[in-house]
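Report on the following structure.
Read from first to last, the chains carry the letters A, B, C, D and E; within each, the first residue is number 1.
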Amino acid sequence: MARKRQKRKLKAGLAPGTALFTGEQKMERLEMSVLRYDADLYEESFPGSLEEVLSELRPGGPVTWVNLDGLHEEHAVERICQRLDIHKLTMEDILSVGQRPKVEEHADYLHVVLRMFMMDGTIRETTDEQLSFILKGNLLLTFQERKGDVFDGVRKRLRESKGQIRRRPADYLLYALMDAVVDNYYPILETLGEQYEELEMELLDNPTRAALGRLHILRRETILLRRSVYPLREVVGRFEKMEEPVVSEGTRVFIRDLYDHTIQVIENIEVLRDIATSLLDLYMNSVSNKMNEVMKVLTIIATLFIPLTFIVGVYGMNFDYMPELKWRYGYFVVLGLMFVAVLGMMYFFRRRRWL
Amino acid sequence: MARKRQKRKLKAGLAPGTALFTGEQKMERLEMSVLRYDADLYEESFPGSLEEVLSELRPGGPVTWVNLDGLHEEHAVERICQRLDIHKLTMEDILSVGQRPKVEEHADYLHVVLRMFMMDGTIRETTDEQLSFILKGNLLLTFQERKGDVFDGVRKRLRESKGQIRRRPADYLLYALMDAVVDNYYPILETLGEQYEELEMELLDNPTRAALGRLHILRRETILLRRSVYPLREVVGRFEKMEEPVVSEGTRVFIRDLYDHTIQVIENIEVLRDIATSLLDLYMNSVSNKMNEVMKVLTIIATLFIPLTFIVGVYGMNFDYMPELKWRYGYFVVLGLMFVAVLGMMYFFRRRRWL
Amino acid sequence: MARKRQKRKLKAGLAPGTALFTGEQKMERLEMSVLRYDADLYEESFPGSLEEVLSELRPGGPVTWVNLDGLHEEHAVERICQRLDIHKLTMEDILSVGQRPKVEEHADYLHVVLRMFMMDGTIRETTDEQLSFILKGNLLLTFQERKGDVFDGVRKRLRESKGQIRRRPADYLLYALMDAVVDNYYPILETLGEQYEELEMELLDNPTRAALGRLHILRRETILLRRSVYPLREVVGRFEKMEEPVVSEGTRVFIRDLYDHTIQVIENIEVLRDIATSLLDLYMNSVSNKMNEVMKVLTIIATLFIPLTFIVGVYGMNFDYMPELKWRYGYFVVLGLMFVAVLGMMYFFRRRRWL
Amino acid sequence: MARKRQKRKLKAGLAPGTALFTGEQKMERLEMSVLRYDADLYEESFPGSLEEVLSELRPGGPVTWVNLDGLHEEHAVERICQRLDIHKLTMEDILSVGQRPKVEEHADYLHVVLRMFMMDGTIRETTDEQLSFILKGNLLLTFQERKGDVFDGVRKRLRESKGQIRRRPADYLLYALMDAVVDNYYPILETLGEQYEELEMELLDNPTRAALGRLHILRRETILLRRSVYPLREVVGRFEKMEEPVVSEGTRVFIRDLYDHTIQVIENIEVLRDIATSLLDLYMNSVSNKMNEVMKVLTIIATLFIPLTFIVGVYGMNFDYMPELKWRYGYFVVLGLMFVAVLGMMYFFRRRRWL
Amino acid sequence: MARKRQKRKLKAGLAPGTALFTGEQKMERLEMSVLRYDADLYEESFPGSLEEVLSELRPGGPVTWVNLDGLHEEHAVERICQRLDIHKLTMEDILSVGQRPKVEEHADYLHVVLRMFMMDGTIRETTDEQLSFILKGNLLLTFQERKGDVFDGVRKRLRESKGQIRRRPADYLLYALMDAVVDNYYPILETLGEQYEELEMELLDNPTRAALGRLHILRRETILLRRSVYPLREVVGRFEKMEEPVVSEGTRVFIRDLYDHTIQVIENIEVLRDIATSLLDLYMNSVSNKMNEVMKVLTIIATLFIPLTFIVGVYGMNFDYMPELKWRYGYFVVLGLMFVAVLGMMYFFRRRRWL
């Protein structure tokens, strides 16, 4: 957590609306793509220069989706925002990674910030980045911290004109991309859930210190994930309630569906939190239990042998006059006595259910 | 939990409204039934083909209840929904098992999703499945994951025309089925409650590790059950507030009664949660207590015998000059001394209330 | 808890509004009483047959209070409800004991359900039962599970015409009876509070396992009591807000007073819950503390004597050549050495504040 | 807690509005004072008889403040209330000590109940009593359980005509008295805070059983204080929102200031609760930690000496044929061996960081 | 905490609106500065006398920012407030340090109270003080407890006319200063976060008592910081909603941005709280775990050697007739037997996974 916010400290004292990227640079140079489509048209291009992109920024006509990967070139973001009359504070938010998810309606554009999680399924590693949307008329801009996103399914549907996506305006594209982001929380949650389940097995069996460390880390991940997901409820809820022309009537029912998914994701996180608490209790009790068993073994052994050791010690004393030592069967009498004492102890342990 | 959501991963990237069953197939082939009734009429049929069912889908006239068991034949669900002009997202929800309970009012139909629990009383095993309702005019559709449900009582009342069910429109049938679902939460809760009670007896008596594992599992079951039941408060509450023609005036008082039951179920779950926490504390404290008792036994034994063993060790030393060893009653003096020491210890233990 | 809900299982599948008593039969036969009064009139009768009671059910004229003890004769309740045009669902609620407290306003009657607690002060035992009210015009019906209630004070005031009760309509009688029920929560709470206080003394002094069991039971009782009392806030709050003719203007200020009492009862329960948690922490910490003390004693004894026992063991060895054994004062040197070692240990223990 | 509610039991069954003092008598006889003032007038008197007081009860003219110390003379309270047309339920509330703080607006008077805390700073002892206000026109009545209050500052300001108090109507006097009550919560909170701080030092240093007991008692005091203070937020909030003529426009800004103080008091209590929880965790962990250290000492000693004692035991055996015993340097070899073993153990303990 | 509120005790009994500084004096004498600017004008002055400042208090014309460091000269604050017709209660609030953050709209001025935190990054020490704002027309007053604040960035922007600050009215200056205060919470939070992270490493590795003490102190700091920050949500939220002329239309969007930051700060604190709880659990479990390991070592050693010591004790007895002692290989048989016993124990420990 600390590493991520390093540059926030630099911000104190700057004018609001200053273009300053607060993250670490994650790719060498800015990459841009432009997609233009309607029911009949489909064009894809990867402009090499900022000037080319600026000339594509047309809010009217067919839907245009401009994507930028890489926020470290603050200057590029600044120029695009200026061209489209985006407020300086919005531009600052795009560059300030570590934003809380939010939606803001401005006079002639909509601004949405989300946290996008991606998972490499084979190694179970998760990366996340800030994702900002600007929706202005039929133009949608997306800003990412680095190359790689969860939008390949949407791109495929666009290219192959699957479903109704090509027949709908840009607000539907915004919905489709947000839906892709939310859909990708599920595998993250499932992996977390699986990790909790594996830990559960282990904890019931043998509560080691390594398992405790892992549980602690899982729990902290759950806390941080919750923080990124929880504000989504309000974001999507407010998006659903927006009026024409921001959200067209046909898109609203889809946003309601997205809202359902968001609630489900949040509930799953709450369940994970409950399970984390439950596992912690399990751990603590397992350790207590184990210690109890260890103690019982120690107590049984000590209780059995310490008195016996005393008795044999008595007859190891070197007094000149100890009549028992002279007896013919003294040794065997003592052995027998000790055997009886052991039986008595055993009975005592059984009654206390220690054996 | 993880197993159930397996196929959600496949969904990422698909167009919204795609017909994809996300559960495991639970029966070999789709089974369908059609019931048509009014005060005088009662017809039951089990169509073998989808075409037959499609021809029965008439929202007007007498009440028609069409039930489908088996969602893996996505194609059948898709065709039925198309015939009735059901929105693609609704159809997707029917097939996406693992939905959160919800009610959605569409332009000309009502969509309700519940989680139906059934219990095999003899082996105390619970199964659950997703249950979706579509109410369109006088036509009610129910979609289940597998054969077997909690509606036999309702079917009997329909057949024998018990109560007023045959004289009321389809919204009353929807109520009656939802009521049957909620009524069946009670035995689940009662069984959970009994299991908690059994555990309580055991924990007070002897807190074993097996009991801890069982408590943990009960607790997780309670968490998951709560998740399915909690949203019902809102679902039934909104259902009650719907207006004509969705809910007819005579049915509303019944839904209010259903709402009461729902609140009661939720409160019972909250009580179970409190009891689970309470049992956990009991367990933890019982273990501590037991360990304390074990420690006391160990300490008493060790404290009694370790000093005595030291004394006898002293007189087991082989020094050439140890005057006591020559004394006539040295041995008996030492024995007496040790006896007095034991009495002193005993007094100390009593004062500390360890004996 | 489990025992009480046994018959709920039987309900699944029945038509709503079916007359089925879900509790255990608590008295041999139904007992009925009828009270009729106004400022000048006062009549008391105990009809032996249902027919007699039915003929007394007049909503107009002087106030009539009809009380029924015993719900197992479902048929009696059913006939009374039919005569007064009470909805079938209300009748079902009267017979379904284990209802959550509630108030329901119907077209021409008011339905209130409470849980009535009674305490036998000498043996500190509490019994509780479901109490239902039907207020229709100037007629008030009360349904109890068994003979015995908390209304003797009200009956006395009626008989002796104390206060204004005889000069007011039936809504005031309803208020007075509900007030009697709520007033009787206080002694229950006080007894619970006393029991917690006794436990507190005991726990601070000597945390036994028996005390733990008692705390657990007290805590569960508090959870269950809370469940019966918590919904009262809403019940009385809604009762207060009802309009003429259900609640007459002069009665409202009394209901507001009742509302105050209800809030106070709820707050007292919350305080008891906090105290229960606090006591549990106290218990756990007392046990830890005691174990710590036990451990210290063990450690002191073991740490003092184990090294000494080793030393005497050394001089108990039988080597042919051990020079010390030949020394004139070897024995006394060793004794002195051990004495010094003990002093060193003592110093160590003091510094760690174990002594 | 139990002691305070003793007489509540007697109330069950009485008519509402019965004059019954539910507390313990705290002073021998009723004491009364009357203050009458406006900008120019200032009169103080201490009537010896009830009749005198009754003749002073004039809601019009200059501000009149009548104070009663001692509620056990129920008859006096009853007569005053009757003279001013105070509702019987209000009178009952004045006499029922243990009320929750509240404000009630009646047709022509305002009724406020608070809990007044006073602290004797030198012995850190707190007393509290119920304080009731009746504001009717320009007449303010205050009812206290016993002599002694927190109003000396207000009396001084009245006498010396400090600030604007003499130029304002009786609602400002009510505000000033309530403000004095709230101002006196601060020293209570500060003393509690200091006690928590002292405990913190002690717990970090040496967690004794006495400290645990004290923490438990502090915590319970915090719970009970919170209960008296929490409802104040609503009381003062509603007081602020009252309209002319109850609250005059110039007084409202002062009540808003009082509201601020109330919120601050509540927040301070919440902080104390958090600190109590935090201290409890600290205690528990300190005890565990100490026990861990004790265990380590025991284990080190036992692990060092038990094996050595075994070795010397071996050479203390009396077998006829034990070759080592005959060796010239057997004794020294064994001593050396044991020394090496001790060094090995030490290394093991260091590696585990026990030393 | 206690130290800070010392003087609150003195306040009890004073008239509301009395000028009394409740903090400790933190600087020798009052220091004042006046800044006057618009788009073209920029004047800075440091008046040495109160009279000079009083003559600068002009709500009209260019923006005027008057800053006072040092509240112990109550008289200065009082005279400034009188000159500007500030309510006596506002003046009292300015001098009563330890206020909860709040915003109050008066007829012709706005009053804001915040808590300003500053951090000395190198030594990680935080200081905080109360900061009050009075906004009246184009005049902004700031009152600080001591010299030194977080406004140097704003002063630089004013001097160099960076951004739009010089072209906007005084409400924007108020925003800019509040924004600087909130921006400075981030480094505090980051440092807290780093300290938690360092502790986490340490706790997982070796849970010492010193770490526990540090965790407890961090946790208390988090509680107290939360208390200062939490009310900000409401303060900034209400500030945003204020209307012209208090907040000009162009400033509102900036306040909304400030609101975002506030929410983020609050969420970060909540995450820190969760992490503190999580670390506490980690600590407790680590200690339990360590104790468990210690116990295992003790038990293994004791269980291995105590029985062996008994056996050698047996053959150290001095009975005249003990046949084994005469055997030729008795000694070696016993040694072998003990070796086998050790192997058996080892097997037992392995099976219990203690080794």
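Following the convention adopted for this analysis, a residue touches a chain if its C-beta (ideal position, glycine included) is under 8 Å from a C-beta of that chain, and two chains touch if they have at least 3 such contacts.
Being a predicted model, the structure only gives us computed values, none of them experimental.
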For chain A and chain C, chains touching each:
B
Intercentroid distance (Cα basis), chain E paired with chain C, Å
42
For the pair chain B and chain C, the C-alpha centroid-to-centroid distance in angstrom is 26
Among all residues of chain C, those touching at least two other chains are 284, 288, 291, 295, 298, 302, 306, 309, 313, 316-318, 322
Taking touching chains as linked, do they make an open path (line), a single closed cycle (ring), a hub with spokes (star), an all-linked set (complete), or other?
ring
Seen from chain C, its contact residues with chain B in the complex are 1-2, 5-6, 8-9, 11-18, 87, 89, 92-93, 99-100, 102, 104, 206-207, 209, 212-213, 216, 219-220, 223-224, 227, 280, 283-284, 287-288, 290-291, 293-295, 297-298, 301-302, 305-306, 308-309, 312-313, 315-318, 322, 324-331, 334-335
Can you check the complex and tell me which residues of chain A touch chain B?
150, 152-154, 156-157, 162-165, 176, 179-180, 183-184, 186-187, 189-190, 193-194, 197, 200, 204, 253-254, 256-257, 260, 263-264, 267, 271, 274-275, 278, 281-282, 284-286, 288-289, 291-292, 295-296, 298-299, 302-303, 306-307, 309-310, 313-314, 316-322, 352-354
